[in-house]
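Inspection log for the structure reproduced underneath, given as structure tokens.
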Amino acid sequence: MAEDLFQITLEVRDYECDLQGIVNNSVYQNYLEHARHKFLKAKKLDFAKLTAEGIHLVVIKAELEYKKSLKPNETFTVSVEMEKVGRVRWAFVQEIRRQPDNELMLKGRISGVGLNQNGRPHVVPELEPLLKQA
Amino acid sequence: MAEDLFQITLEVRDYECDLQGIVNNSVYQNYLEHARHKFLKAKKLDFAKLTAEGIHLVVIKAELEYKKSLKPNETFTVSVEMEKVGRVRWAFVQEIRRQPDNELMLKGRISGVGLNQNGRPHVVPELEPLLKQA
Amino acid sequence: MAEDLFQITLEVRDYECDLQGIVNNSVYQNYLEHARHKFLKAKKLDFAKLTAEGIHLVVIKAELEYKKSLKPNETFTVSVEMEKVGRVRWAFVQEIRRQPDNELMLKGRISGVGLNQNGRPHVVPELEPLLKQA
Amino acid sequence: MAEDLFQITLEVRDYECDLQGIVNNSVYQNYLEHARHKFLKAKKLDFAKLTAEGIHLVVIKAELEYKKSLKPNETFTVSVEMEKVGRVRWAFVQEIRRQPDNELMLKGRISGVGLNQNGRPHVVPELEPLLKQA
């Protein structure tokens, strides 16, 4: 793991767990999204502000591999790396790892595109410095 | 579309929409899950009951292609088809289509496995009649 | 119950249930909100449109009495009545009843106020015809 | 504010905000619940474990006063105090305050009761040391 990998640490909240006693599948996307927005904000890209300006960073594909399930009271990290995929496309590569044992719970690849107010693909120059060449 | 395709009709609820004024990405997984559980129940497989019996139908992979965004007040269908992938594996192939124009909003492929109380892969014989050979 | 009571019929979704196997407490507020927005829309008041125009109908108090718990697969009605409380204040009186036995699950009283773009109380003339004198 | 007031610090997540650009009303109950469970756990009462043992701590009434709205990127504290109301009844008195200005966002009073597996009121002796005489 690179030393400078961006990650946040969160904790399972009981209301995020479902009948099965584990975190509901859809909630992992909440975790991933929150980590992405924190990542963008740490890079000085404020998601809510971009939205207010009419620039939408839109997810076009989400690939989620569920490895193990998070349970009540567990703590976990959510990492974020961003890869350039095309001129207006990028992908977030993310992992959720239970702590303190660092066990992999979920691998996610979230692909997106910038859209302007008219819903047309739109280069978001502010993203460029964040993108690794894949 | 096959005449006997299983689908449910739902309606966007305002609280499911986020800052961008559209349904939040994670909510589509809620829609897909609800449709799957209705499908299983229609086939006489009660998800909550299976869980109570210690059999967990666990999602191991979700691939979601976001085509367009649902907005407040829109109505949509969520379809469910189930494919056999291996001895203990299956996949749900699902589509979310806005109504009444039937425009495709999301394509999902949700792969899963049956697990018993010990977390070991487990054939769920009740599923077999539901599975199309892929 | 008045013949013309506004109500909608919904169904519990498994992801709305928590570790206790019942609908999570916070989810009832989702149900109530959805019913209020449908009520307003039925009365030709579009909540999302009002928001876009800078008029916010803001909840200032919620009083929720939890009588019984909804469980997976149950169907229920959510009713809405609106009372005038003051010049810029109103209250929604709501009930959630399990069907088909009509058993009372929750009684709610949601008090609100109209606010304009500057966050000041604001008469919403469109609401007046909807308000019963309490 | 008492020096020993129990409180946790959280941060608004963008997906918790709705069309109005503020935290959705129902989400505050999630915050309050999470703080209560953390409070109980800090006092060595594990909510998930109690549930597994068939003891349900059930909310019977929630009174929520919405003072101001939390917005994206804001940090806030959620406090918890517990009062004895009757033999099997108690109430959580809670406040949500934006930080760092400590502005009051929401006051909540959540009343509850212990129920056993048969749904009958049940003294939860483990709670007694936590209860202030109101």
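Labels for the chains are A, B, C and D, by order of writing; each one numbers its residues from 1.
By definition in this document, contacts are C-beta pairs under 8 Å (C-beta built on N, C-alpha and C of every residue); 3 or more make two chains touch, one makes a residue touch a chain.
Source: prediction; values computed, not measured.
Relative to chain D, the chain whose mean Cα position lies farthest away is B. Remark: among chain pairs A-D and A-C, A-D carries the greater number of C-beta contacts.
Taking the mean of the C-alpha atoms as each chain's centre, chain A and chain C sit 33 Å apart.
The distance from the centre of chain A to the centre of chain B, each centre being the mean of the chain's C-alpha atoms, comes to 22 Å. Chain A and chain D have Cα centroids separated by 28 Å.
For chain C, the set of residues touching two or more other chains reads 14-15, 17, 19, 21, 24, 26, 30, 33, 47-48, 72. Interface residues of chain B facing chain A in the complex, by the touch rule stated above, are 19-20, 24-27, 29-30, 33, 47-48, 51, 56, 58-66, 69. Those residues of chain D that touch chain B in the complex are listed here as 14-15, 17-19, 21, 24, 26, 72. Across the complex, chain A is touched by residues 13-15, 17, 21, 30, 33-34, 37, 41, 46-48, 72-73 of chain D.
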